[in-house]
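Next come two complexes, and both contain chain A; in the first it sits with chain B, in the second with chain C.
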Partner chain A sequence: MDIKERYIRGVLLVCASLSVIAVAAITYTIIAAGWPVFTEYGVFRFLFGAKWLPDADNIQLGILTMIAGTGAVTVCALVIGGPIGILSAVYLAELASKRTSTVIQAFIDLLAGIPSVIYGFWGLVVLVPAIRNYLGSTKGYSVLAGGVVLAIMILPTVVRISADALRAVPKEYRDGSYALGADRWYTIFKVILPAAAPGIITALILGFGRAIGETMAVLMVTGNAKQFPTSLLEPITTITGNIALEIGYSWGLHRQALFACGAVLMIIILLVNFLINRIIRRAAGGIYE
Partner chain B sequence: MNDIQIRIRDLNFYYGEFQALYGINADIERKAVTALIGPSGCGKSTFLRCINRMNDTIDNTLVEGLLEVNDENIYSAGLDVTELRKKIGMVFQRPNPFPMSIYDNVAYGPRVHGIKNKAKLDELVQKSLEQAHLWVEVKDRLYKNALGLSGGQQQRLVIARSLAVEPEILLMDEPTSALDPIATAKLEDLVQKLAKEYTVIIVTHNMQQAARVSTKTAFFLNGYLIEMDETSKIFTAPKDQRTEDYITGRFG
Partner chain C sequence: MNKLKIWDFITWVCIGLVLAVLLLVIGHVVVSGIRFINLKFIVETTSNAGRSGGIRNVISATIYLTLSALLLAVPVSIAAAIYLQEYARKGRLLNILVSGIETLAGVPSIVFGLFGFNIFVTLLGWSWSLVSGAITLALMGLPILTRTIMEAIRAVPRSYRDASLALGAGQWTTIVRVVLPAAFSGIITGIILSMGRIIGETAAVFLTFGSTLNSISSIFDSGRTMPVHVYILSSESVSIDNAYATATILLVVIIALNGLAYLYQGITKKRG
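Moving on to the complex of A and B:
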């Protein structure tokens, strides 16, 4: 290997390693900065405490309401955005003409480019009043508002990856199904969608990751009340929203607790990725036994 | 013996501007094996796919002429394609079991046609797998994924899947091209047994295979059906010079 090739290899390796280094560095910083909360305040009190009173004399830093809030909007987003995204993907991959498909896909990709603060703004002026006026929510700021905004935000991810998975289903499966007399719908729902399931689940996981980590848009429409989500129409706070709101003026243990919140968020995402990957592998294991 | 099940008259077929079949005339016998041979691109697979209207799934195609199955024109306006394909099974070049269990693969066709009764499905699955000479190999793993089977087993599974809807005709598009010699021999053996109960039309690149399994052979070239006769005659005393050139390996 001559010097030049070695040099180029080196540069490329450094570039390729940057993401690994970034993940490690960020994880380390967040966990290190929040560590005293786990050791001094207590993991259990932190995770399962229902009260968040960082300014009180008897300081309380329980984040359970926020974990529940994040969980509620994320589930809401997946329940709304998941089916819409998957059905859009079916349309794009199976039914639409190439031209229509390209046009719709272009708009969906544009959706991915809209800054999240714009989504929040739209939610604030359209969704929140609508929920207040038509669904009888007292404030309008609610789990539902956050869920709908997030559902739209995860659409590009869910649609694109699901559509790719559907397009990757071998043509032979379609032929086999048609040759047995099945029509298009039967073929799509009984053969093509199941065959694309691992890819579609991946799409949903990525959508989940986007939804759980989204901060600004959700912050603007969920009302920031630190309470358990008892109804879709009640306000809540998410973990991310709380970090964004309070990081500016926090200090001491409070500040460390916000870093710890970030650590919890990362751990949830890693855990879910890991679990679902295992489930997929187990499902696929039957195929490649 | 000379019972004609499929009658083809002046059949033309077009992919857009390109004409793939020119004025095909043929009579295909019931419960016999008819082999379609010819070089790549000669139209034999296209012809096969006309018989169960699989070409419908390709955009921008056109069929002219008459194609009768059991004296019914299958290209007439009111024809139910689902019913037609129930009558005519198809096996493809590459084994294409669905990514589901062996049982569900075989039960797929019957389910398409509305059979939900578990006992009836069980019976059809077993009977079809037996007919396809696969039952003994898979009876203990019916609920395992079909993609775990070998290529030859997959191809027999696909045949079982076709048989499960109780067809009259089986179309096979180079069914052994992706198989090893042993699996090929098994499949050829199976084809001959199936011909006792089904009309089999098999496209093949392999002339020995055509000679081994079929009673009639049709030779296609450039979209024309050049010659169709008893297999023994085609291979020993073809009437057309082009047929002779092909079977003696002078081209193709």
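Moving on to the complex of A and C:
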């Protein structure tokens, strides 16, 4: 009997370890597949080269324009989605009745469940023409379109995690502030938001991770032009979008460079996770869980 | 006093925007798409690269891929959740296992796609196929499945386990006979929610399952799922009308799954 229990326990442990194994396998595979680019082509030329010409005789595989493109849409998404998300969380946690808050939260969870391709499609048929017609962008495919679509996509994450952090602030903090004569918004800005800061920062970093890794929705609305983002209304390419577009027909060094792009993404995501762990651990025993 | 009102107003505007966006996106797609949908669109196969005909083969490819991925991921996730919730002690090992799940949850879809493309499509020579796509998606589904199932198991009261153990049952017997049946509805809810995520996946599917418009007859066949169909029809300007119609069906399925999970949760909670 004891042997059977031990055997079962072993099998369960293997299943529970699968996620860790998968993370290690994915990281290793992708870095290994892109390795020649780092060693033979050169890390510096790869990361800071401004030209991406995989089919030219003198092959050029610089991803700086794409890094800038990804950076531009991500910043745009956080600038739009961050404040709206945090204030929505304030509404849900501080202003709304419990009932309203539950109903709205259910809607926002639905927003999280909608596939990215639907947001991309909506961006393509609604947002892109609108930007072309009303904002004077020549193509409509633009940093702005990508930023808005991404902002919508990170909202559910930002709202849910910020709202949880705000709700976790002990009631005594509010009572104390009110007892000192502070009004509601003074309490929110000076007491509750600072107390929930680790959680809110975690929410923003998670949103950042989502935005950087998002592929299809951004690919559909940013126009696939390998150039530096000089204005919000110009088209760009993101690292992720470029992988999806070119991996199918790529070969040799070109394909390895696309894996190297994946490796860069994976390293950023691992850093994001590390950062969040640090923040949560530092705040542990305090406000956030 | 006035300043207070202004901030109240700004907050309402923000939450209003969030809800408006949800309604705008769903509303626009469904209202524009519904008129292109009829029985023929669902039962006929695609013709002329998706310009005409229906999407029967696309729907069946989506169902095959989703069910295969769940078939692989669900048993593993249940086992993982049982270990983490019932067996693991607080400590270093548990921390590593949990942060592995958190990290995997944050890995972008395109990176899963690259992984699957490299290992299953190229290295193992399975090409773009149901098996390559299903394994990749199963890995992607692990974190959300494990987390939701863990929550369901956690919700089972301690006293149930104590009662079973006191009757002389072993730990495994207790889990199989007492804990899992009590957590059953929560587990089903988790599976339904994860199913919605898996159905909507695009980038990873595009890289591992491919995008050919054929009917699937073996696990080594490639196919095109609904999200990939929407992507190709719209971004390559093949047929915006059919893209609307496919997107609408996809959205309705996702909303229905979410609603189902929500209702099921509500019903079972009331029943106690």
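Just so it is clear, the second predicted complex is superposed on the first by the 267 of 289 C-alpha atoms of A that agree within 3 Å, B and C clash if a C-alpha of one lies under 4 Å from a C-alpha of the other, contacts with A are read in each partner's own complex, and residues count from 1 in each chain.
Simple rule for what comes next: a contact is a pair of C-beta atoms (placed from the backbone, for glycine too) under 8 Å apart; a residue touches a chain by one contact, two chains touch by 3 or more.
Please read all numbers here as calculations on a predicted model, not as lab measurements.
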item	value
Partners on chain A (chain B, chain C) - clash or fit	fit
Partner, of chain C and chain B, that touches more residues belonging to chain A	C
Touching partner for A:Pro170 - first (chain B), second (chain C), both, neither	first
Chain A-centred angle between chain C and chain B, computed on Cα centres after superposition, in steps of 10 °	100
Touched partner set for A:Leu265, first chain B, second chain C, both or neither	second
Contacts of A:Asn133 with chain B and chain C, given as first, second, both or neither	neither
Which superposed partner A:Lys190 touches (first chain B, second chain C, both, neither)	first
First, second, both or neither for A:Ala182, with chain B first and chain C second	first
Where chain B and chain C come nearest after superposition, their Cα distance in Å	12
Shared chain A surface residues [contacts with chain B and with chain C]	183
Residues of chain C defined as touching chain A within the complex	3-4, 7-8, 10-12, 14-15, 17-19, 21-22, 24-26, 28-29, 32, 76-77, 79-80, 82-84, 87-88, 96-97, 99-104, 106-115, 117-119, 139, 142-143, 146, 170-172, 193, 196-197, 199-203, 206-207, 227-228, 230-231, 234-235, 240, 243-244, 247, 250-251, 254-255, 257-258, 262
Residues of chain A touching chain B in the complex	170, 172-183, 186, 190-191, 194-195, 286-289
Touching residues on chain A, where the partner in the complex is chain C	1, 4-5, 8-9, 11-13, 15-23, 25-26, 29-30, 33, 83-85, 87-88, 90-92, 95-96, 104, 106-111, 113-122, 124-126, 152, 155, 159, 183-185, 188, 206, 209, 212-216, 219-220, 240, 243-244, 247-248, 258-259, 262, 265-266, 269-270, 272-273, 277
Residue ranges of chain B in contact with chain A within the complex	52, 54, 57, 81-86, 89-90, 92, 94, 96-100, 108-109, 111-113, 144-145, 147-148, 158, 161-162, 165
